[in-house]
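What follows is a pair of complexes built around chain A, which joins chain B in one and chain C in the other.
On to the complex of A and B.
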């Protein structure tokens, strides 16, 4: 008896807290993966672009909005909102970049830089929410249909084929005609639609590889239930790939949003697509105007291109972490 | 269902009667199942407590399928499996399944694939307890440490939080053995546990298993294609050919006095480290076939050097020729008459 209590105290010292050890292990794995990721130039480039945009949207904009763009800071005439308000101090709009408006104003006298920064956090939110929904659905459906096979598998795979063939943008246009689409509903629609599409097929094929590994049989021999195997064995093994596709999906979501708001189909206050839409409907992106009024379309266009590219580059960098074959040795 | 837990040392742990496992063979995508692969066809044996039965045969003869059927990775097509006096052929209720899976385990062939690469050694070894929700976390930790020490992973706390890829092949197989034995199972199927290991480590792992079997009074079904390993490990040998059991008996008896032509050929193929040694070797022709809808005749007929007319007409049944030494061959059937 004395022996056993002694043994217990001895081992309790070793097992101070298994969760702490788990966190340490995760940190170690993260450091290792970070080392691989940081070696890929393209991934780091993407990460830096995303960081710059994130800082601009989440830090710089609130500061600027509460200081120099404060409603009363400009001649206290009317409450001036740089995103939607009209600057009466400027006679002709759109005005080219000046000290008061670093990126100029749009045809409605609104500050381009303010619009750009205001939209940034929303673009991030849209992209990430849509991508999270996509990946969550894709992982779940992919693993379930790989694991059970048969009718479930056939149903979801044919559904995925259907969604893949689906004209995505026209569908969104029709939807936006039927209901008021704001940013959150758009994220939901994009997430749901692409969650049943291509990502499901990719993750299913990965899950099929994991499913036949002996460690699954080993768990079955111990009496593991199907949900236990899916959650504890299959999903952790396809998680890196899910994460990778999440990055590519952020790109897709932001791009779809830009397209839709360019057509003026979204019920949102401001977005990069909407900025180009404003310039376009006022006739400033036609003929020679396109060169003259470059500040109307170049900043939002650049922002869309850069952020979409950046998330794609991060995905490429992660690809090297996930697929050891791509690493340069 | 009667609860018979108290069993004496010579009690039969596992009894298999006329076990059959057929796999449907589909030709084309939409065609209906027309033929069956008879992976395991009418196999019967029993394993007593603390005994090791070696299942020997060529690859593709149904050894692994038999093992997997016994631990219910496949459900049997026909036959009856009795485990600790309880019928476990169809584990219908969740309680039965939990009971059965808590007492039976399997060690897999490939230690590189049978451990989840994303789990730590602690997670892997304690998983059976985790699934069966046995004991507290502390109890599981202690049990894991104890079993790791027993399989020769020492010091265990240095390995507990490592991942399988950080271990050598021999260590991995030890971890796999620890995982299988952590719940003190009554019956373990070992599917060629040493075939993927280096020859230098093989003996160590086999010795370890021998010690554990005698310490823990387990019943072992040891699947192997290596007669030398079978001779070293087992008390009884059962030779399989194309899903059929062709010979069964005590290990030494089968090795010294093989009766079935196939067993004879197998034993004559074992290399002897003596260049002067001359022995009568039996040459069999051809390769192993596929047991898809086999004809009702001796499965070894095509390759047998002693094939007779009767072999092509009937299937020989397993008959006891000499005090528990059973063989399925007409050569010996005749003798008795």
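On to the complex of A and C.
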């Protein structure tokens, strides 16, 4: 009896399921890459900024809104709403930073810090949705055009050239000025537009390197279909690079959204760019007012800069993982 | 060479047609597009509505409209602006395009040369505090939200120090006493600056021909440039309109500074990275082993090789700089193409918006062509 049990454990140790092995390998690769990534100071700085913003937006905000800010709100039944919340205890708005409002209030008497935190999850969502669409499209197009070559390749590469030439922000300005664009539509538009752009060229050249490796040949010989090779052999090998460019795309998407809402072109209720727009149209960022009412434009501007910078820093840190040439050793 | 440029021109013409097609069909497929703006007024009788649609050619099928539109673009007939009725769109664009071109060319040239020089010396001094500090500053300037940067500039220079005007293209108090046209003065300015540029190019070419010694070349180049600038300044100081030209230049400093910072950081960072990679190459070690002076190795061997990725990056970041220009122009009330684009979009002025978008595109395409030609000159591997 004891013998059989021993035999069973031994056999299960030898014949581990392929899935388990895969997970173990991935874990090992992750640990190794994490070690390289954590050595880059700039990458870790970016990661910490992102973590702080995420905690502030997803955890701290709901708690504060349902406790501290609740009393100052007009419809204070559930929690504070930074879009409609008006503090009646303050006579003159915008009010400078005080204990009740750590970053002051805006021209409509709403708490700046609450608006800042309220917008954080939305900015994350926008950036990540747009970047996911871009990377999905870019990876697919890049690998397909590298794998098949010929007409497909030429078509997509010329298309990428064209998209690269486009004045991106002016184009978005025209689109959002002429139709109602909300956050999700904007994420879709940015994702689709940049998905056909420069990222396909970069991922295609990486896929070309993978395509001529011997294991692709052997997969072909053993009778794998083209889609199977693309999905199971080429894409996993260019995944790190896609992930790297995803970070840069998050930066681009958040920046575009901030610019558009700063011009008041988006159909949204609250965002960092819109906070500056509100102050600007109310005449508080004109001429010498700029220095006096600093709390109206500095916090949202800093938040946009920090988030854009943080994702860019993470990208730079990942660059060292993906690109061994950049490492110091 | 001419064949190469011709080739590129043909490619760009094709791209332009595709670009115009995209803009055109996009504007026409938009819900609440041109038709809605013109003809959804409930006070219109059906007959009046019909005649409006007919007068603007909106009853024709879309492809026919597109061909007409394309023909009109190549004859510079872009329609009549709604918000500046009855000024033709082309007149507005012809007035505002030079302002954008001046802003961009100045800022881009400054950014390129400063970024190139600083990136070069930063990579050379790797590991020192100055390298660390300026890299951090460069990264911050690269990722900063453009309006934040501009607000900070306006606050510091315009409001806190009070040495530069806050915004606007010119000072109305000064111009109200004269019947001079600002556009004329501006075009004279543009002419002066391009003449100085030509003089610099000519003196560079002459210096190359006259001497083989780097020092002599440099002396010839710097002295003739200084003479050209001094002559221009003298001419403007003597002429009665000098003060007006000076006023426009004075208002230009902050916008140029903003666009320069936007495009400087990218150039500097890429130059630094590319230089760091070049330094590891074997031919740098060889050059050093030969006993060449450090400066020669840096400037002649490393920097020239490292420059090519910088120019490639420059091509790619052109769109980014242009979009930074839209923000800069709007915030400084600098009446160029970017501000025109935004204002016309906000005013639902479709002819002006599409015209501005198309000419922004042409501007970017043309900049690409120029950079391509420069690249072909610089990279000996490209032969046409």
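Basically, the second predicted complex is superposed on the first by the 302 of 329 C-alpha atoms of A that agree within 3 Å, B and C clash if a C-alpha of one lies under 4 Å from a C-alpha of the other, contacts with A are read in each partner's own complex, and residues count from 1 in each chain.
We adopt the following convention: a contact is a pair of C-beta atoms (placed from the backbone, for glycine too) under 8 Å apart; a residue touches a chain by one contact, two chains touch by 3 or more.
Every value quoted in this text rests on a predicted model; they were computed, and no experiment measured them.
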item	value
Fit-or-clash call for chain B and chain C when the two complexes are aligned on chain A	fit
Contacts of A:228 with chain B and chain C, given as first, second, both or neither	first
Partner touching more residues of chain A, whether chain B or chain C	C
First, second, both or neither for A:276, with chain B first and chain C second	second
Inter-chain angle, chain B to chain C through the CA centre of chain A, in degrees rounded to a multiple of 10	90
First, second, both or neither for A:171, with chain B first and chain C second	second
Distance in angstrom between the closest Cα atoms of chain C and chain B, superposition on A	12
Of all residues in chain A, those that touch chain C in their complex	42, 161-162, 164-171, 173-175, 177-179, 198, 251, 255, 258-259, 262-265, 276, 285, 287-288, 290-291, 294, 297-298, 301-302, 304-305, 308-309, 312-313, 325
Touching residues (chain side chain B, partner chain A) in the complex	68, 71-73, 97-98, 100-102, 104-106, 108-110, 113-120, 122, 127-128, 131-132, 137-138, 141-142, 145, 157, 161, 176, 179, 183
Complex contact set, residues of chain C against chain A	15, 18-19, 23, 26-27, 30-33, 139-140, 142-148, 151, 154-155, 158-160, 166, 277, 316, 319-320, 322-323, 326-327, 330, 338, 341-342, 345-346, 348, 353-354, 356-357, 360-361, 364-365, 368
Residues of chain A that touch chain B when the two form their complex	7-8, 11-12, 14-15, 18, 21, 25, 213-215, 217-224, 228, 233, 236-237
